[in-house]
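Note that the chains take the letters A, B, C, D and E in the order they are written out, and that residue 1 is the start of every chain.
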């Protein structure tokens, strides 16, 4: 790795960019901004990876995280109460413990980074990262590669089962009523209909 | 750009991720925290690969597997959030008290 | 060294950005005229006049937009087009940035384009723009896979993810002949990426201009220039991935590249004029159930071809 | 070195895009409220457009994240494909088959339709 | 110096016009679509000249003011057959269709070169709800979802979703009378959840359309079948222009409009139809939704009913048509694509009947019930059918809903005599043979 001064300057600026955008993710009100701040943080880490001569991983980070953060933005806007931060919001609980845990985590890992002695075997300059990864994937750790495929398949099936409302037999919940309390009695579903209403985490006030 | 500075950056990202994951009330923001932690882990993995792993191919493969973990965790997380929201119109972690005795 | 290494490529990219956008605007007017749209005035002056008018027009504001994101989105889309152009090789030596993984970088430009177009629709806080942004994300997330399968098919014979190597691998036979399914699928990706013609789900007429329904003046000028520049960047990548880049008898490399890019641009602009806008649901099903298996077949074809 | 060129190209085009938008707007007054109202053919909205937008293709997006990982594995495969020859074809064929089973299952469950 | 160089160059641009349609305004729209020096834009933000074409009734003046104020500076207005508002200065009123494009270009050029200063805003500069300095943080909002942050409430009305069990926010808004994808003058209150229509309630019915004079003469005395069939074909082709323009097929829509202008017994449709089928309009575009059941189709009448399979057509009782061997053609789909196939078949049939009728000089026979392109007209003309939209549109995606509206001829037929040709528009526009342009 050529350790020119230019490399160090870019590294430091990217490091501050990554940390600041990472911190802003939890400080901003608008959900779309939060997910795209996280995207900027990932891109900064991706560029650092390229500086570390792992070109493929860095650029792969870009497109992988771009897709994931778009999906993250879609889902955050779908489920968060005040998606665009028009009313400042802080949906935060156990703030103190969280800050404490964060700092402790940082200190422990930082101490380990400073104190521990790691073997100093820098990557050789003429290594082609993509080719070595390819040979590795198709060679020794082919098992990991194929099992990753299997895990991805199970994820796809799990995702489809959990999230889609209509299966190929039509809407899953249509007409299905819990059985009556006494045999043949009216289904219990109707009773808990209104009770279920208020158990949802926040009050619905239908105002018009 | 030495190993220690990289690890310090990774530690900072993991610290912010832990703060985010523990402090946020809604599922989706909690998953943002997890993503940030995994971001720090990936950076550390590449740093070790570049500085003390002599460019061992397993290092890169580990990073890709961490990326796969991040993708799978995110997909399953959102699928669960959709299933929960369909049932109980709730996106707050507090409101899920189903398992509590 | 610093001058030629750094200044020349940047200058080349900027020059290509502006000239390319102008050429796309003129070509589009010419094709519209050929297809019977009423034409007035000189075609080569029309883009200039439109740009001048947009510069004099006031920029519109909505009630509570996300100001930074709204102004940043067109500029980001222009920046993505510039990066796409920087990756295009004009000859063995004349390439702005020759990253080892430039094919993957082009893939990430496509993915980030979806992010930027959604941001442009979202940050206006107006209903028609919002619907345009969300409709486009359905298309944007569907064409990424097709584009990557096709680009991997191109990278197979080249044994590398570098565009210069990809072009060099087409020495014997261009990829458009060796992998017949590649270019048609990639053109569909191009239409999707710049939401042009049939895949114009972002700024369509039934949404009164979609994400661009609330912008006017300079922001709209930057949005249109960025869209045309992205079309040029895409045609550059398509020319180097499938039409043998700078290779060709008699003429110098960059001239061949320009001719091939013009050819791809013409095909895209014609497709834009001939096909109707696809309904989003039909488009997602088409891309996942028809075009993705086709790109599988194209990949297997390329694999076998590379082994023979 | 390439990274530096990329960075400069990015900053230059981003700066140009922002400058072209910002320069003419410096001395333009902000639009009046009726002009800033969203265009709905003369109609009026009830609320802000920002809302919990019901994305109708959300299962497709989740499926895509899982399928996207395939891309990550295929790029390195493409680079070493010719070296490894037939073994690479077999391996990637199996990988593709596994993941296309997921897509066929999702198609049959109607994931690509508007929910 | 540099500024006016830029403005001089800007004045060479084709005049960007946003058309606002009043009664009988769509004729002006179709005329401008074919004029080379005008560019019709689809949003007021993209225009510098606001054209108010045709007389705007009183209940649509408020939306007109809103659209008038939504044009960015510098902008101006031009009134076509409509009385300009008193407080607007140096605004001209045009009555003759043929010099409308020149007036629009002159307005744009003057605007750019500074001879005419920009129009002034009519509505007062007040936010929808006062919000400055109120609420918890001075931006008018209370708590998480309450209040009117920045002037408007947050979207928080969660109605049960009709197709997917996930209930999220739905957006309610009024889509105005000047939305260019609607038939002229129609306004509706729409509730969307995502881009799926939850509920649709038509508020202002589209302007009653004034058919060709030949249909009114046919109610008085027998009329040559050739002329009435040509008028029917022209009506269908003009609706086809609007739908293809909406679907993004610019070239095809302009060629169907040119066919409509120069329509004569010798013109044929198969060139246009072949290009339309080859472009994949019936498979790719939003032609899935908008199914009419038989009861709705009977209530609608006319081509929409025949597209749903009810083969009732008043022309088959007419002796003149029977002599020409007329039999109603119908589809059995009932959806948007079936309706467009039906329209194309009817245009071809009308042209064939017109050729035959012109050769053997056949006249319509009975006078009291005739089949207009909008629907059967026996005692009173076919009335407005926008109530049907409120039933068929919920559940459709936004693009499908607008394609359904474009495929249905919703407006009622104005029964006042259309005979009085307003001056200056009787001759054909572009070189067509000398038959009458509505």
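In the analysis below, a contact is a pair of C-beta atoms (placed from the backbone, for glycine too) under 8 Å apart; a residue touches a chain by one contact, two chains touch by 3 or more.
Note that the structure is predicted; figures quoted are calculated from it, not measured.
Colleague: Can you name the chains that touch chain A as well as chain E?
Modeller: Per touch definition, common to chain A and chain E: B, C, D.
Colleague: Go through the assembly and pull out the chains touching chain C as well as chain E.
Modeller: Expected: A, D.
Colleague: If you average the Cα atoms per chain, which one ends up farthest from chain E?
Modeller: Between chain E and every other chain, the largest centroid distance is to B.
Colleague: Considering A-C alongside A-B, which chain pair is linked by more C-beta pairs in contact?
Modeller: Most C-beta pairs in contact, of the two: A-B.
Colleague: Based on Cα centres, what is the most central chain?
Modeller: D
Colleague: If you average the CA atoms of chain C and of chain D, how many Å lie between those two points?
Modeller: Comparing mean C-alpha positions, chain D is 14 Å from chain C.
Colleague: Taking each chain's centre as the mean position of its Cα atoms, how many Å separate chain D from chain E?
Modeller: The separation of the two C-alpha centroids amounts to 35 Å.
Colleague: Taking each chain's centre as the mean position of its Cα atoms, how many Å separate chain B from chain C?
Modeller: Their C-alpha centroids are separated by 33 Å.
Colleague: Using mean CA coordinates as chain centres, what's the chain A-chain D distance in Å?
Modeller: 16
Colleague: Hey, what residues on chain B touch two or more of the other chains?
Modeller: 64, 67-68, 71-72, 74-75, 78-79, 82, 85-86, 89
Colleague: Can you list the chain E residues in contact with two or more other chains?
Modeller: Correct list: 43, 45, 72-73, 127-128, 149-152, 154, 156-157, 164-166, 168, 171, 173, 179-180, 194-195, 397.
Colleague: Quick check: what residues of chain A touch more than one other chain, meaning two or more?
Modeller: 51, 56, 60, 63-64, 67-68, 70-71, 74-75, 77-81, 84, 86, 129-130, 133, 135, 137, 148, 152, 155, 159, 163, 165-166, 204
Colleague: All pairs of touching chains?
Modeller: A-B, A-C, A-D, A-E, B-D, B-E, C-D, C-E, D-E
Colleague: Residue numbers of chain D touching chain C in their complex, please.
Modeller: 1-6, 8-10, 12-18, 20-25, 28, 30-31, 33, 35-41, 45, 48-50, 53, 55-57, 60-61, 64, 67-68, 71, 74-75, 77-83, 85-86, 88-89, 92-93, 96, 100, 103, 107, 112-114
Colleague: If we count contacts the way the header does, which residues on chain A are in touch with chain B in the complex?
Modeller: 1, 3, 7-8, 11, 15, 18-19, 22-23, 25-26, 31, 34-35, 38, 41-42, 45, 48-49, 51-54, 56-57, 60-61, 64, 68, 71-72, 75-76, 79-81, 91-95, 97-99, 101-103, 105-106, 109-110, 112-114, 118-124, 127, 129, 132-133, 135-137, 140-141, 144, 148, 151-152, 155, 158-159, 162-163, 165, 196, 199-202, 204
Colleague: Report the residues of chain E in contact with chain A in the complex, numbered from low to high.
Modeller: Answer in residue numbers: 136-137, 139, 141-147, 149-150, 154, 156-158, 164-166, 168.
Colleague: Which residues of chain A touch chain D in the complex?
Modeller: These residues of chain A touch chain D: 6, 10, 47, 50-51, 56, 60, 63-64, 67-68, 70-71, 74-75, 77-81, 83-84, 86, 130-131, 133-135, 137-138, 142, 145-146, 148-150, 152-153, 155-157, 159-160, 163-168.
Colleague: Chain A touches which residues of chain B in the complex?
Modeller: Those residues of chain B that touch chain A are 1, 3-29, 31-33, 35-36, 39, 42-43, 46-55, 57-58, 60-61, 63-65, 67-68, 70-72, 74-76, 78-83, 85-86, 88-92, 94-95.
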